[in-house]
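After this come two complexes, each holding chain A, first together with chain B and then together with chain C.
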Partner chain A sequence: MNIVVDLNRCQGYAQCAFLAPQVFEMHGEEALMYLPVPPEDQLERVRRAAAACPVQAILVGEEAGADVR
Partner chain B sequence: MSGDLRDGRIVIVGASLAGLRAAETLREKGFAGSLTLVGEDPRPPYDRPPLSKQVLLGRVPAEDTGLPLRRPVDAQWKLGVRATGLDPIEKRVLLANGEQLPFDRLLITTGTRARPWPNPAEAALDGVFTLRTSEDAGRIAERLDAGPRRVLVIGAGFTGSEIASACRERGLDVTVAERGPAPLVGALGGSFGALAAKLQRAHGVDLRCGVTVTALTGNGRLTGAELSDGSRIEADIAVVALGAIRNTEWLAESGLAAGPRGLACDAGCRAFNMYGIVTDDVFVAGDVARFPHPLFEYQLLSLEHWGNAVEQAEVAAHNMVSPGPLRRPHLAVPAFWSSQFGLNIKSVGVPTFSDQVVLAQGSPKEARLVAVYGYRGRVTAAVSVNQAKSLEYYQRLIETAAPFPPEPVGTDRPEPMTPVPSDVPDPAVLSHGPTVALTGHLPDRRLTLVRR
Partner chain C sequence: MAADTLFHRITDYANRADPYPLYAELRESGVTRQQDGSYLVGAYHEIAALLHDPRISSDRRNRTAADAAATCEEDLPVSFIAMDDPEHNRLRRLAMRPFGPPHTPGRIDAMHGEIARIADELIAGLRGKDRIDVVDDFAYPLPVTVICRLLGVPREDEPRFHAWTQEIIASFDPTPGEDLAERQRSGLESRRTMGRYLGELAEKRRGHPSDDMLSAFVNDEGPDGRLTQPEIMATSVLLLIAGHETTVNLITNGVLTLLRHPEELERLRRRPELMPRAVEELLRYEPPVQMLPQRSPLADIEVLGTTVPKGAPLILVLASGNRDPLRFRDPDRFDPTREDNRHLGFGSGVHSCFGAPLARLEVQLALTTLIRHLDNPRLVEDPPPYRRSPVLRGPRHLPIERDTTGT
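And then the complex of A and B:
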């Protein structure tokens, strides 16, 4: 599972950083930095973070083109 | 809706952000025909913004940037192969491996590439890089890990500034050379540029503006650079961040309105041919597109923005499977973000489409502010620093062509609110590309009358 955050939409509310701190982190006061490929054992937390994001900016999904490699 | 639009053969050339999002949208809208994605990069679609941020900081390996799927695309992927031409009459895409791909509708999402260092021998020196692909980012990150004595960044646009920021955060010495008067002026104008210059210097960047790099020196390996003011810099790594070149060369013989500023299209993402006649089977989206926008006098816009690639791809895909009256225009207000030196910079509208700018909220000293741009008395753009929550409000002002300067809002408004010239420079005097450009109404090439 991979993630991408629409950072145009993200308003730095930091809910995700609270729910999955190993994957999402505030860099400075407002810039969100994240791991596009979260560790397996974090997926449950990532899903919860995606659901909690107030602007629904986090997309979680199968890596594109995984089947062509 | 007509059944045949949901069927047939669709080819997408350019398998990155725009190509992927279009493929997903086609399937979502019920396209049941054959779908082929052609990409020169051997890697399936990945996300570029992390390359100059997380990856250069060493927090994320360059390979760990693959884009997640929104839904299955059930496509044939042809990766690691370049499209070399387009036959619009036979409706075929020609590939570098000799293959020909017939299509009923074509989507062009070939984006941009990094502008290379103009001197090929110097560009070939070990230690000289550009940054566009994940492979580039991986190689630069590896060199940064090795602890170079100094990194030289040539060009202080968004990419160059983010690279410099990552270097400083790693504790590396970095020199930034920019021909223009300040960083970021190409996209945000002179007033904002002055702020960016202060920010870089406060973070220990050796920023040199108003100079050009006249030579990269070394013997096989880069050792330094010479500047136009006669000074010399010792550096083991140089990252050339001189902006982007649109990948349109492969369309040179196609008869489409393709040139250095992109491939021109209508508001519905349909490509124009070189006579200014709109095609109905060739669509375009993302960084390679040049499209008219009603908020900016219908001038053709060229954007190098993540959000535009996604939104335009969705509109293009929708229109590829919808009959005329159900087609949608691509009218989204341009928007982008950048994070550098610990700050979150966000923009809506087109800051270069302005004559004045006003500090509407916050202050540079607190590193929290909103600058609002106006053109002939109406709001055309807003840029926030660590104040993203305010931007939505200004976006509405832009969409409704509200009067400039705007009514004061919030409790943190500066006194007095005095507009100053936004000081947008001629892009020709900059090292970096503007990433958002108004490109007028004219085609890139002049027509010549051909008599047969």
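And then the complex of A and C:
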């Protein structure tokens, strides 16, 4: 699994940082940091986070993880 | 029929079960002045723009015609949902500090196991019953239990705060009519009583910290300082009401929608990993908050060619924007796998739903648990009886039958 967040779209609603706090982290109230290749055990949380993004800025490549590793 | 009666018809209880044809009429008619002086907006792009427009106020004190709901007194200020920035922002940040990122990022995620356990316990309590009321047996007790634990409110006090909550909700139901002033007065009274009750609960924790939000409000101090006692009262009334009165409708609307679309229910039963996106589609298709009734412009503004005067009630019908064919393909179709779904179910902009991540998690777990345990569920009544409010819309009861062989 790998993740790409379109940071031009991100408006800091922070839904991802609530729902997958080990993968997405807010620095202050607006800047988002994230793990582009999160551990496999975070898949369910990453899926919740991506679905919840109000501006649909999170892309999850579930199969691409194998290549990245 | 002339457009100016639309608000009357939308708020008419007779249309509660299916307001969507009226919303289609609203989108067709643009923005028109209603009989009671308010202006309704039902088009997606206009609602989204207005939610990000600094000329639009959430503070009813900016309305030309004063109403009792705007009353602000020293002992109990309005809550941040009814304020504008910068004061709204200050209070919302202080309330966010013990709830989510950046200060408390793991709080909601850590509630996952507990929410699932509460859902399982409620299901276990239904063993052997072939007839269930989804509202009273499941969709109401679940979020109530969750918000009580989160805030630090005794669960056994539910009958008390439930009664206050009903009065408060009735007071911001904008249905025009003779009893509006009376409803607003008794709503204010209940809000004051509930504020005192929550303020006392918080005060007991001063110097005796516990793991709940009321305790954090009185004991923790961040760079922005802390909430004053009246601010704690106003904020915790808001969080306790919003924390359960909206979620119950989202869960119930979800069960109703899935029972009306049995093939989708079956698919979600087989593939629970689709549930997060299914919940987003429910937020679009049957949002628990149908409209935002308390905005008004700070200056004359133009919306779809109509001038909405400064201080006029401006009602943003989120549930109509969510069905706007100019924004969503095939908007009246319930499609849990919908890709393009930037719905307005939680609003948008600075006032977007404070508790959205908690609601999402609760509803995903509630629906997953429920459909896993219901064998051959069937609606007993369609449509079911609805609650009064056209704003916080949802069934009052949702009786269903199921097979109980083997349970």
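Rule of thumb we're sticking to: the second predicted complex is superposed on the first by the 61 of 69 C-alpha atoms of A that agree within 3 Å, B and C clash if a C-alpha of one lies under 4 Å from a C-alpha of the other, contacts with A are read in each partner's own complex, and residues count from 1 in each chain.
Methods note: contacts are C-beta pairs under 8 Å (C-beta built on N, C-alpha and C of every residue); 3 or more make two chains touch, one makes a residue touch a chain.
As the structure is a computational prediction, the values presented were derived from the model and not from experiment.
Undergrad: Please work out whether A:29 is in contact with chain B alone, chain C alone, both, or neither, and reply first, second, both or neither.
TA: In the superposition, A:29 contacts both chain B and chain C.
Undergrad: Return first, second, both or neither, reflecting whether A:56 touches chain B, chain C, both chains, or no partner chain.
TA: second
Undergrad: For A:21, is the partner it touches chain B (first), chain C (second), both, or none of the two (neither)?
TA: second
Undergrad: Of the partners chain B and chain C, which touch A:37 in the superposed model: first, second, both, neither?
TA: Once the two structures are laid over each other on A, A:37 reaches chain B alone.
Undergrad: State whether chain B or chain C is in contact with more residues of chain A in the superposed arrangement.
TA: B
Undergrad: On the A-aligned overlay, A:3 touches which partner chain: chain B = first, chain C = second, or both, or neither?
TA: In the superposition, A:3 contacts chain B only.
Undergrad: What is the contact status of A:47 with respect to chain B (first) and chain C (second): first, second, both, or neither?
TA: Touch partner of A:47: chain C, not chain B.
Undergrad: Both chain B and chain C touch chain A; at which residues?
TA: Touching chain B and chain C on chain A: residues 27-29.
Undergrad: Where on chain B is chain A touching in the complex?
TA: 15, 20, 44-45, 47, 49-50, 53-54, 59-60, 64-70, 73, 77, 79, 306-307, 310, 335-337, 339, 342-344, 346, 368, 386-389
Undergrad: Enumerate the contact residues on chain A facing chain C in the complex.
TA: Against chain C, the touching part of chain A is residues 13-15, 17-21, 25-29, 44-45, 47-48, 50-52, 54-56.
Undergrad: Tell me, which parts of chain C touch chain A in their complex?
TA: 93, 100-102, 105-106, 108-109, 273, 276-277, 279-280, 340-342, 346, 348, 352, 356-357, 360-361, 364
Undergrad: Could you list, by residue number, the parts of chain A that touch chain B in their complex?
TA: 1-4, 6-8, 10-12, 27-31, 33-37, 59-66, 68-69
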